[in-house]
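We call the chains A, B, C, D and E, going by the order they appear; numbering starts again at 1 in every chain.
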Amino acid sequence: MSRLIKKTSQKAGLPPGTLVHIGERKAGKVRITIIDYDEFNLEETEASTIEECFPYKDKPTTTWINIDGIHKTEVIERIGQQFNLHPLLQEDIVNTGQRPKMEDFGDCLFLVLKMLSYADENHKIEAEQVSLILGPNFVISFQEREGDIFDTIRERIRKGKGRIRKTGADYLAYMLIDAIVDNYFIVLETLGEEIEDIEAELASNPTTKMLHKIRTLKNEMLFLRKSLWPLREVVSGLQRGESSLIQQSTQVYLRDVYDHTIQIIDTVETFRDMLSGMLDIYLSSVSNKMNEVMKVLTIFASIFIPLTFVVGIYGMNFEFMPELKWHWGYPVVLIVMATIATTLAIYFKRKKWL
Amino acid sequence: MSRLIKKTSQKAGLPPGTLVHIGERKAGKVRITIIDYDEFNLEETEASTIEECFPYKDKPTTTWINIDGIHKTEVIERIGQQFNLHPLLQEDIVNTGQRPKMEDFGDCLFLVLKMLSYADENHKIEAEQVSLILGPNFVISFQEREGDIFDTIRERIRKGKGRIRKTGADYLAYMLIDAIVDNYFIVLETLGEEIEDIEAELASNPTTKMLHKIRTLKNEMLFLRKSLWPLREVVSGLQRGESSLIQQSTQVYLRDVYDHTIQIIDTVETFRDMLSGMLDIYLSSVSNKMNEVMKVLTIFASIFIPLTFVVGIYGMNFEFMPELKWHWGYPVVLIVMATIATTLAIYFKRKKWL
Amino acid sequence: MSRLIKKTSQKAGLPPGTLVHIGERKAGKVRITIIDYDEFNLEETEASTIEECFPYKDKPTTTWINIDGIHKTEVIERIGQQFNLHPLLQEDIVNTGQRPKMEDFGDCLFLVLKMLSYADENHKIEAEQVSLILGPNFVISFQEREGDIFDTIRERIRKGKGRIRKTGADYLAYMLIDAIVDNYFIVLETLGEEIEDIEAELASNPTTKMLHKIRTLKNEMLFLRKSLWPLREVVSGLQRGESSLIQQSTQVYLRDVYDHTIQIIDTVETFRDMLSGMLDIYLSSVSNKMNEVMKVLTIFASIFIPLTFVVGIYGMNFEFMPELKWHWGYPVVLIVMATIATTLAIYFKRKKWL
Amino acid sequence: MSRLIKKTSQKAGLPPGTLVHIGERKAGKVRITIIDYDEFNLEETEASTIEECFPYKDKPTTTWINIDGIHKTEVIERIGQQFNLHPLLQEDIVNTGQRPKMEDFGDCLFLVLKMLSYADENHKIEAEQVSLILGPNFVISFQEREGDIFDTIRERIRKGKGRIRKTGADYLAYMLIDAIVDNYFIVLETLGEEIEDIEAELASNPTTKMLHKIRTLKNEMLFLRKSLWPLREVVSGLQRGESSLIQQSTQVYLRDVYDHTIQIIDTVETFRDMLSGMLDIYLSSVSNKMNEVMKVLTIFASIFIPLTFVVGIYGMNFEFMPELKWHWGYPVVLIVMATIATTLAIYFKRKKWL
Amino acid sequence: MSRLIKKTSQKAGLPPGTLVHIGERKAGKVRITIIDYDEFNLEETEASTIEECFPYKDKPTTTWINIDGIHKTEVIERIGQQFNLHPLLQEDIVNTGQRPKMEDFGDCLFLVLKMLSYADENHKIEAEQVSLILGPNFVISFQEREGDIFDTIRERIRKGKGRIRKTGADYLAYMLIDAIVDNYFIVLETLGEEIEDIEAELASNPTTKMLHKIRTLKNEMLFLRKSLWPLREVVSGLQRGESSLIQQSTQVYLRDVYDHTIQIIDTVETFRDMLSGMLDIYLSSVSNKMNEVMKVLTIFASIFIPLTFVVGIYGMNFEFMPELKWHWGYPVVLIVMATIATTLAIYFKRKKWL
């Protein structure tokens, strides 16, 4: 449940802009890394105090400040004061119950995104909130814990591969968003494989466990959609170039991210439809099984009940029952009963029950 | 039912603007409290007559008049005359069957909102109508009964915490709306916990009581949606800044409330989907149980029916039944029957019915 | 069926503007009443011929001509010629198979509305078509039969209560529309009570009659929606003030009517969802009942079948059955059978079937 | 199936504008009738060759050329050349797999419509494609076979009834469209009666035949919708007066047609909902029947199984069974069994199974 | 599954514009064919190296470069450099997991389409990605493997049939798109036939295999929709003439393609609805069958159980049972039992179970 609704009730009654960390505490300590670069130079630092970031604010080079761990509200507050961030923006960073969203504060663009990962042990998608602040020449990213999906971007910056070092902060922000969106594909592929497995198993052996798996996956789809549809709006807004902080050359790249988002949503919808179809198959298999059980019962009962009646007749103790005295009485009755049984068997055969 | 449709039929035929209190009478007497403040001064009064409010109308300071109890239509009428409120507006205040809505009367903004609370004893959400009138320098709030969710706001005004004392009546209105919307989270969390409980119980023991709980919760979701969608429109209208009574600096805060509203709607939709999924699980459990019952019956009947037939044969009273005279007849028949039973048991084992 | 589709096929092939009365004939004779008023004077007449209305057309006072009974097409035709109404408009008045609609003919506004009533005897909503023509200083209303929902308006005009005598024909039209819309609430309340009754009964005793009631109510909802959604469009168009015949001061009142319409639609949608929920409950009750029947059968059969087998064994007539000669044979067998029965009973108890 | 998808695959690979007749050939020979009229004169001809139509093209009078039979592509081609029709337009005339559509080619307006008829023998709606070309002073209509729904229009033109002879080609086109749309009502009424019949029958006696009828009707609704929604767009486009070929005075009439179209769609949607409701009723009746069967079985089995056990006990052959020697043993056992049976009967009575 | 989601995870982390072939490798070697033509001349070449295409770029004649096989990324890269294609465009060509889309790069228009084919052996639709680049006087098409649906176009160019040789590259692009869309009809017809077959079979003999076929077809519909809806957007965008690369005379043709696309979507939706209807029929047949099984069981059991009880009575060994001594006891009992059986048979007959 905690995935679906965060305990935000503790905030009810507090004035707006009060920083309260909502969500699980995932990181031990706050880790701050700074990468500052232009086409020719590159400087990489791990800051021990938040104050070390401040000088980068007004440097013309592109600066990427990454902060892992958002539970220390005083850190966010200091950055907020220095980089002139709106109190509500600060509040949103530490409240992990946000939907993906984009807000334009004029001098900076604030993005909330969800980074997904699939936990194999409990078959659940886990979401981590990533907040990005895009300023004229800096990007500040906030993660709930240390992750590795931004590592390849760091590597690319170091090596100066691609357009990366020549372009500004908006391209850096694009790369971060792209990395997060690409990660959705990995989660989807895992889910796709699980669906495939269930489909194969369902045909051969429908069990209640199957049903629970289908339902769990359906819930995961609900969860995915909850973050996908707003994500789509965010990326759509970005690629339409509504903010002046994003250069036109970067918009083509954001359009690409938008395409990916649509593709992801498409796939999720298809998965949902497939899972619904599987539920139908499951229910129909169950009712087929019942049908088979019923047939067996009917055949057994219907064949033996008349026979038992016949033997019952000759078990009666009337004094005057001529058949009982006949010498061939017993075999004749046996033959009669065999005839009845055969007739019924043929009848059921015709009805395709045997 | 009274939650879904109020007895408004009593009003049919009356001219528009006739004040008729529609809904349950929830408060004993009408209580009027006045808070008047600017950055430096604060005055708090509990008015014994409605006339005490009138002088505040034209004072430049921000005035918040809160009225608990709306069943005395003459009180509303007096305020209406003094503050120049449209008769239809007055009518809406006392008719608690309204949907949340915003109406712009030029010199004042009229808002109808629903304050929710969850009654544990009957597992029902209860809604109280809160009407807000935002004028240039005053806010008048009408509640059906005394509540405590505005207390923290009073406290904040007294302490002068945050931006509150420096800003005008629109920020005060924002805070009231925010308090009401925040309250929805508390209701949602309680519902979320109930859903979680049912989910856990459903897996282990599906009963008819379960079904009724699921359905009650589904009805609650219907009820929630009924007030949520119009609420969304209200807040959306406010944050788009369509009224000149709302300053631009307050719009950022209203955007935050809008975000919360969307989040609430999202959660309600997810809950609805989950409850539908649970219904499927329930129905499937019921049919599984039936299946199990059928299997037991089939196994019992199918094993014993042929055996009973066999013993019936040797219960027949034919004079010439050679088997009856054989010395080993009885044990042989017992062995034959054991063989039949074993064969059938193996057959059912293979079919996975045992 | 006649409620859902009127026999309009008789009109196929006729030129447009041909007046053919479509629908049931509900009134005996056509009754024409005229009310003419301004702030100071009031004149009320019952006209015996349609020609008596004509002088009122060009009087500056507000005139309300009400016509009960639309089956005499020549009456409509005469009015049409006099008041310069488009042939298609005339055609629509006498064709009761219309959807609610608004048409702006420049010099007059034509409205088709549906007045509902709930017939208790057959649990069906009945709809009567009401057409309104709003001219610069007159309103002509056409009803299928004499009704009483406009009586309160007549009374208010007579007494000069409210704004009514000071305002023009548009306010009169508003009052007529308001009276019709208010009437929907009465129908909804009756339906609401029926739904409540069914809900209470469904829990205790689900019968096929229940199902038919649910379905009848669902059909009524279909019927309601069919006239509600176009009604909403009509009122929405009116309150947006698209026609110059409606003064701005009246628009506030029409907005109020619009609010009511939305509220009615909301309630109908909620009723629909509740009825769907009830259907689920009904179906699940039926399957629960089946389950219970199955359990009883299974318990009876499963306990007695083995016992019957046992007594069958000792009913066999083998000569050499040592048990039969034992002195304690009979009581021992009885004890054995009691043990079997108890064991099975405990087994079913554990499975929660008893 | 051929109603749902026409064999258009034969056209794949051909250059656009190639005339290939797609669909069943319905008429024997092509029949061309010409009606040319203005307010004072009327000329009616049946042309033996297509060339006879050509002189009418540039006459100032209104000309209606009606062509029954579209399988001769050379006829279409000749007209196309003479009247300067786009190759794609010609192609669409002979391809009966079109959806209703309107295309504006500047100097002429091209309309594709579907004329429906209901074949009683196989309970299927049949659709015939009607193409209309509206030029400045001519209308060319193409029908798949000779029909009679345009006869009343011919009659009206001949008699000069209504506005018809004074107005131009656009009014003629309106009349043709109106005739086609009016025809939908006739089909709907027939369907409505069938639905009514099924509804009445369903309550008394639900059979599999019923189910097939419901499903056939549902498929017919699908088929209807397929041509209705695009029809709505066509008529909506026409009445919005987007083409200069349609005079403003005709638009009022087209608005009337639009109203009819909406009404038809409304009715179809209501029918669909009713048919879905009937399916629920059917399924529930089937399960009720099953329930009843189960009850009968359970009652029989549950009452007789214990009795059979009792008589089995006294059929055992133990030597020492004191009851067998008692003089009142037999009647006592009979009384015991009667008591058991009565108790069970009362128990089932209480459970409302009897 | 691979049809629904391609293994794009391997690309996560790579910089944008990196060419990685995603999808199955379908062609052995890359084959490049060039057709260059104007109204008077035609040149057809099969290029052995990609460099042979380059001179055609700036020729005023229309050039069509077709490339079969996209797994060699270096080929795409070379063309990209020469024809000045955006790196993201190149990336999209080799990534076969794209949705159909149109992107306007100013100097060229980039289209991604899906060419469908229906594999009879596994009843699955297979999709091949076709990318088109439309420049001012050239079209470059990329196919995953050699296909034959473009052959008729080649033939038409060679023969100079139709408008083809007089018009420019945009008309060529239209023809390619048209060929692809026309191919959908062939797939739809095959699916339509399969649906028809199932429908016929379903009525006579519903089996689980049927159910699996229905479901497979439903999944195919899902798959079709996934590529159809974006296709619609693409063609809609083209026909609206948003790009300057498309002449107005070609737009009429594209409107025709758009009509076809809508028709295809319509048919797919109808198929979906029909398949859903079939599922209902299937489930209802299964439950009917169960019902029939139950009836047989009930009749057998209910008739014989009382009879067996009767014979059981006279099998009891009481010493004092007067009936046993009566001479006519046995025949009387037989008659009594015949009466019971007949009564029950009549009862079941009346209930329509026999």
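Everything that follows uses one rule, which is that a residue touches a chain if its C-beta (ideal position, glycine included) is under 8 Å from a C-beta of that chain, and two chains touch if they have at least 3 such contacts.
The model shown is predicted, which means the values in this text are computed figures rather than measured ones.
Participant: Among the remaining chains, which ones contact both chain A and chain D?
Facilitator: E
Participant: In angstrom, rounded to a whole number, how far apart do the mean CA points of chain A and chain C lie?
Facilitator: About 43 Å, centre to centre.
Participant: Taking each chain's centre as the mean position of its Cα atoms, how many Å separate chain A from chain B?
Facilitator: 26
Participant: When you check chain E against every other chain, which residues touch at least two of them?
Facilitator: In chain E, 287, 290, 294, 297, 301, 305, 308, 312, 315-317, 321 touch at least two other chains.
Participant: Please report the chains around the ring in sequence, anchored at chain B, with chain C in second place.
Facilitator: B, C, D, E, A
Participant: Tell me, which parts of chain C touch chain B in their complex?
Facilitator: 149, 152, 156, 161-162, 164, 178-179, 182-183, 185-186, 188-189, 192-193, 195-196, 203, 252-253, 255-256, 259, 262-263, 266-267, 270-271, 273-274, 277, 280-281, 284-285, 287-288, 290-291, 294-295, 297-298, 301-302, 305-306, 308-309, 312-313, 315-321, 353
Participant: Within the complex, which stretch of chain B touches chain C?
Facilitator: Going by the criterion above, the answer is residues 1, 4-5, 7-9, 11-17, 86, 88, 97-99, 101, 103, 208, 211-212, 215, 218-219, 222-223, 226, 279, 282-283, 286-287, 289-290, 293-294, 296-297, 300-301, 304-305, 307-308, 311-312, 314-317, 321, 323-330, 333.
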